[in-house]
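For reference, the structure is listed below as structure tokens.
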Amino acid sequence: MRRRLHRPTTLVAAATAGVLLLGACGAGGRDDDGGGGDGGDGGGGATAPGVTEDSIKIGAHFPLTGVAAPGYNEIPTGAKAYFDYVNAQGGVHGRQIEYVVRDDGYNPTNTSSVTNELVLEEEIFAMVGGLGTPTHSAVVDFLNDEGVPDFFVSSGSLQWGDDPEAYPYTFGWQPDYEIEGKIIGQYVAENMPDAKVGLFLQDDDFGDDAEKGVRQFLDDQVVAAERYTSGNTDVGPQIAGLQAAGADLVLSFNTPSYTALSQLVALRLGYEPQWFYTNVGSDADLVGSLLSRFSEGAVEGGSSSLDGVMTTEYIPGVDQPDDPWVQLWQKVWDEHGEKGKLTNYRVYGMSHAYAFVQALQAAGEDLTRDGIVEAMEEVGADLEGPQLAPFRYSSDSHLGISGMRVVEIQDGAGEDLTPVLITDIGDAEIVEDDSGQDGDAPPENGVPEAP
Amino acid sequence: MAALRTRASAWWAGSILGRHLLVALLGLVVVVVVLESSSDFRNLQLASMAYLGIAAGGLTVLTGLNGQISLGHGALMAIGAYTTALLLDDREASTPLPLVVLAAVVVTLLVGIAVGAAAARLHGPYLAGATLALAVAVPGIALYFKEQLGGEQGLRVVLPDIPAWVLDLAYFVTGQDLTRSRYVAYLAWLTLVITFVLLANLARSRVGRRWRAVRDDEVAAELAGVHLGRARVSAFVVSAAAAGAAGAMMALTVRLAAPSGFTLTLSLTLLSAVVLGGLGSLAGALLGAALLTFLPQVVTDIGVDAGLSDIRAAELAPLVYGVVMVLVILLAPAGIVGTVRTALLKRRLRRSAAAQTRTAGTNPTAPGTPGTPTTDPATTTSKGSTT
Amino acid sequence: MPAMLTVTDLAAGYGPVRALDGVSFTAERGRVTAVLGANGAGKTTLLRTISGLHRAERGSVDLDGQRLDRVAAERMPALGLAHVPEGRGVITELTVEENLRLGALGRAGKVDGSDLERVYGLFPVLADRRAATAHVLSGGERQMLVVGRALMARPTTLLLDEPSLGLAPRIVAQIFELLRGLVESESLTVLLVEQNARSALSIAHRGVVLNLGRVVADDDADALAADDQLRHAYLGF
Amino acid sequence: MQQLLNTALGGLTLGMVYAAFALALVLIWRSTRVVNFAQAPMAMVTTFVALVIVDAGHSYWLAFAAALASGLVLGAVIERVVVRPVEGGPEINAVILTLGLFIVLHALAAVIFGNRYRSFPAPFGVRGIEVGGTTIALTGFGIFTILAVLVTMGLLLLLFQRTDIGLRMRASAFNPEVARLLGVRVGRMLTLGWALASVVGSLAGLLIAGGSLVHPGYMDSVVVYGFVAAVLGGLDSPFGAVVGGLLLGLALSFVSGYVGSQLVALAALVILMLVLVLRPGGLFAQTAARRV
């Protein structure tokens, strides 16, 4: 390595100038837009950024590459298929939806930069379905400062809706981890009061919020709580810890791949507790296909490999092909999807795309950023859709779906153990849902009306 | 202390410092012109380029001038970023921004002393292995001390309000209101210019000569009275301090310090920026940073324009980036700046050779061929010989 | 005596530096030819160029009727040419016996135990330490090892680079004595590069003196040793 | 007690894989003085080759053999085409080159094989073995893993110590110029070294994948810990690589089980620094360590 620093500053200056000019040229191509994407003031009927007579541009950040990409990268393909489906039906109020997805590799630094690009350069009207807690944390302030509607964050963290004053433009979508923890906790406390409960938690807000919810009901019954770090695929030591503590019921708050991994490790350890996976981790179809490979009958083939496992359910998935919603998704996927089959990740993407289309309908023809937020606060709780329980949207809460039911997986599909239960964060009681969301069906053409 | 001495000696050789300051001033003017004429998005992109550039600048000093490889500079940036985040946890945080940055630098510098002292005895791949472990270990600390460091979600960074005088000054100079994005970009570039002036002066000073001496030939350096350990540690510390400043700027730009922002990828990215641009050259570091900032987006856009789906286009970016890395190493191993310099030098030599009559026995490439490793017949004989 | 190795107008260099500039000479079969000269005269480059480690820019090398100057270094042992590089030629990480075995791998034909026994017979010190890692050997033992290893290939021609370098005079004498014996018993052709001209000429039949890449003298060893002017100018004794 | 045993057994199995991977790195380092960061994605690619064959309905063992064979070819091709020009050059160029390869192979695998989790079959049971009524965390496949790595090491030892080709390879690695003078075709030996190392790497990949999930990034943590293990043992010592791998596998398993899985990487750093501060050339640095 015989290099030397040779007259550095002169060259630095030259390079700096060159690079900066490059940047300047890039920027110079744009029209003077008078202050960027400040659509937040929503001045009297003026067209919002990203909205024209016949189009609406929206964006999202997802991990499309890297370690977090497997699985999650399917969500935007589902959403895109549904938006294409809606566009084929004429769009919303005559506007075609243009859906721009950017890769952040699950790295908050990248999320920040692609969100800047989406908001400032692409001038999207709204962010729809941005995925991940740490990633979205990096941009939630920016989106709210800029007044960009930040809908349906793909993460169950509480911060996407428990404080609408701090983040007036941000809305959650899926049931937050805390209420899932509460519903699971109460179910176990009532039905399995003697169980020695072990917790298997992902070491982030997912595990933390869920643990908080579970412990409201089960604090005495918990004998061990083990945490795994996402990305470290060796969960042997954690499962061995649960086994050593004598847990006979394991509540697992983890992603699907870790469901498969924990099942494999349990086999290795000869550990056979009752498993209770969170909704996130219980994609029976996916886990089953993952587990189906293991030979010598050590694991039963197909999606039945999770039989007997308990979980929760808040939207119908591909294990219920007769559900009218799933039939709609299948049709959408067949007509507009990429190659590959319909998966629960794609169903998830379509479900929140459906909710967004409905939000657009509710916001009316004069689409503004503040307008759609107001509309969501007013009528958001009445949104139709595949979700089994209604959204909690109001001016006091931007949290998403309010509840779920507990099911046991049999033959790869869930069998109901409870009716749909709803609740809210904190001390809110858990009650049966009477909204009738469960059991509804999509409209004939598959495109929602304003609620 | 070393820095003080350097500063003093640089003053003596006033012309060097003067020249560096002049160039820095020019650079600042360019920065103002460019930042004022570009959009908020470009401003933030340029801010990213600046913090990558600062860290790469520090790394190029370590690797290019002192010959130490670090695969762990991302971890050092994390320390700077977390320090910043801890000091700027709400809008009422009263610590002035320069102090925050200084604190980030000092904390990183202290860590740099510890790491550098341990690393000083290690060579080549052993150093690479130790720093690699550092790069993956540090994010784990943030996960473990969840209460203090925010765990996986990380710590929010609240950018303090822009001081009124800054707003006034900006308006006075440019006639435009200063947006927050542009403010951040100014901070980052100002830090970059200051860092680069300091690094450039250090490189030209006695300390810099010692670093190079150690890199070129340890035994000779030791015989010449250079304390090997001290030279190594000081190079590491200086480079860590730059990484700390870069981390602080990154925290301000991204407004978050989270473990997933400081994966191994970041460290490796920095190293590749340094090598792509041209090892040992600050200009190369800046160029590498520019490449890293702009290349992925450009490639993704091209992919989308060519009709690829979002996923495919996103997968294209790392592919192109990796291919560029491989090609630069194979075709232009001196990096972009090094290759350009050699080409320019060759042309100049050819021209002067044409002007002069050829004299036999002269050595056309001998005096100060920067950027290219000189092949010395004595050292090419065997790479695995024993001593 | 017929010529074994013929070098004609050989030129080579490192970039702009010219190390060999039109060197021509012959080494006769079964004789020791010493190549002498000061440091930097081009002696080592000459050997490296003959054995294909370094590329010739011009000229030719001929071994027993066969052109060598376009042949890769790794094919030389098969052609009967063994190059013993200076001092560092021992692979210190391998054992003594492994070093020796390695010597036999490059040549054509089957290797058998007799080669090893022959070398051990010539160098009994090596036999005692056959299982030891070579880095424990002394300088003299290392020199014996590289010579022994070269012999494993049953060469017709041996290129020896500075075998006396860094060795005590007693050891040098011992090694040269061995060489002389080998030349006589095996009718080896030896090209011996040496800075230590006095010792070299004591066993050489002929001497070639290089200076700055050119041949300045080429004569019988005795004649060279007797030429005071030459000795003072180039040979330093 | 059972937890202790199971954690240890888990660590042992994992340690064996780290050992194999570290061994692959050491083989390449010894022959070409290159730290091959692309080892993990190379192994990943060959694992996907095996997966394609299994998906096509062929037997596990055919896929296994095909993966090793493709590892051989991949290693040879990469050395010959891409790495050869940087051999003997500045160390950092080789580092960047293999990092570049790392990224390229990753991206290619995502494009060709898809970026999603897939299960990879195991030829033996993935259920723990029962001993006296309690199940211990050692599966049929775990035993296979340990045996496969041990057998590989034995074969490599035989190859290097007992065969002419092994002697040639060692000579080329230690002193390429002298080896050439002795008639060794050094270039071929280096290519062969990479090819063999790549086979060992592929084996590590197959063993980690067996009875578990694969995706393009599934080997990434192995490259870190494999490299740390190799450095721990001393990059020039195959024996050290094996010891380093086992040590690291065990230590990390215990840290993960009893302290916290977040600190696994930190533990690796601490262990590495402790060892390197005492012995800067690794545990099994040769006394005559060459200065590079």
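When the chains are written out, they are named A, B, C and D in that same order, and each has its own residue count from 1.
By definition in this document, a contact is a pair of C-beta atoms (placed from the backbone, for glycine too) under 8 Å apart; a residue touches a chain by one contact, two chains touch by 3 or more.
All values derive from a computational prediction rather than experimental measurement.
Among the remaining chains, those touching chain A as well as chain B are D. Counting C-beta pairs in contact across C-D and across A-D gives the higher total for A-D. Chain centres here are Cα averages; for chain C and chain D they lie 43 Å apart.
Chain D has its Cα centroid 37 Å from the Cα centroid of chain A. Taking each chain's centre as the mean of its C-alpha atoms, chain B lies 32 Å from chain D. Centre to centre, using the average C-alpha position, chain B and chain C are separated by 51 Å. Contact with two or more other chains is made by residues 88, 92, 135 of chain C.
Residue positions 90-92, 107, 110, 115, 174-175, 177-178, 260, 262, 264, 288 of chain D are each in touch with at least two other chains.
Residues of chain B in contact with two or more other chains: 63, 140, 143, 279, 311, 315, 318, 373, 382, 385-386. If you check the complex, the residues on chain A that touch chain D are 1, 64-67, 69-71, 73-74, 203, 227-229, 231-234, 236-238, 240-241, 243-244, 256-257, 260-261, 264, 267-271, 286, 289-296, 298-299. On chain C, the positions that touch chain D within their shared complex are 51, 53, 73-78, 82-83, 85, 88-89, 91-94, 98, 101-103, 105-107, 135, 149, 153. Those residues of chain D that touch chain B in the complex are listed here as 29, 33, 35, 82, 85-86, 88-93, 95-97, 99-108, 110-111, 115, 173-178, 224, 227-228, 230-232, 235, 260, 262-266, 268-269, 272-273, 276-277, 280-282, 288, 290-292. Interface residues of chain D, counted against chain C in their complex, comprise 164, 167-168, 170-171, 174-175, 177-186, 286, 288.
Touching chain A in their complex are the following residues of chain B: 19-20, 23-24, 26-27, 30-31, 33-34, 37-42, 44-46, 48-49, 61, 63-65, 67, 140, 143, 146, 151-154, 156, 179-181, 196-197, 199-200, 203-204, 208, 212, 215-216, 250, 253-256, 258-261, 263, 265-266, 278-283, 286-287, 290, 294, 297, 300, 309-311, 314-315, 317-318, 334, 337-338, 341, 368, 370-371, 373-374.
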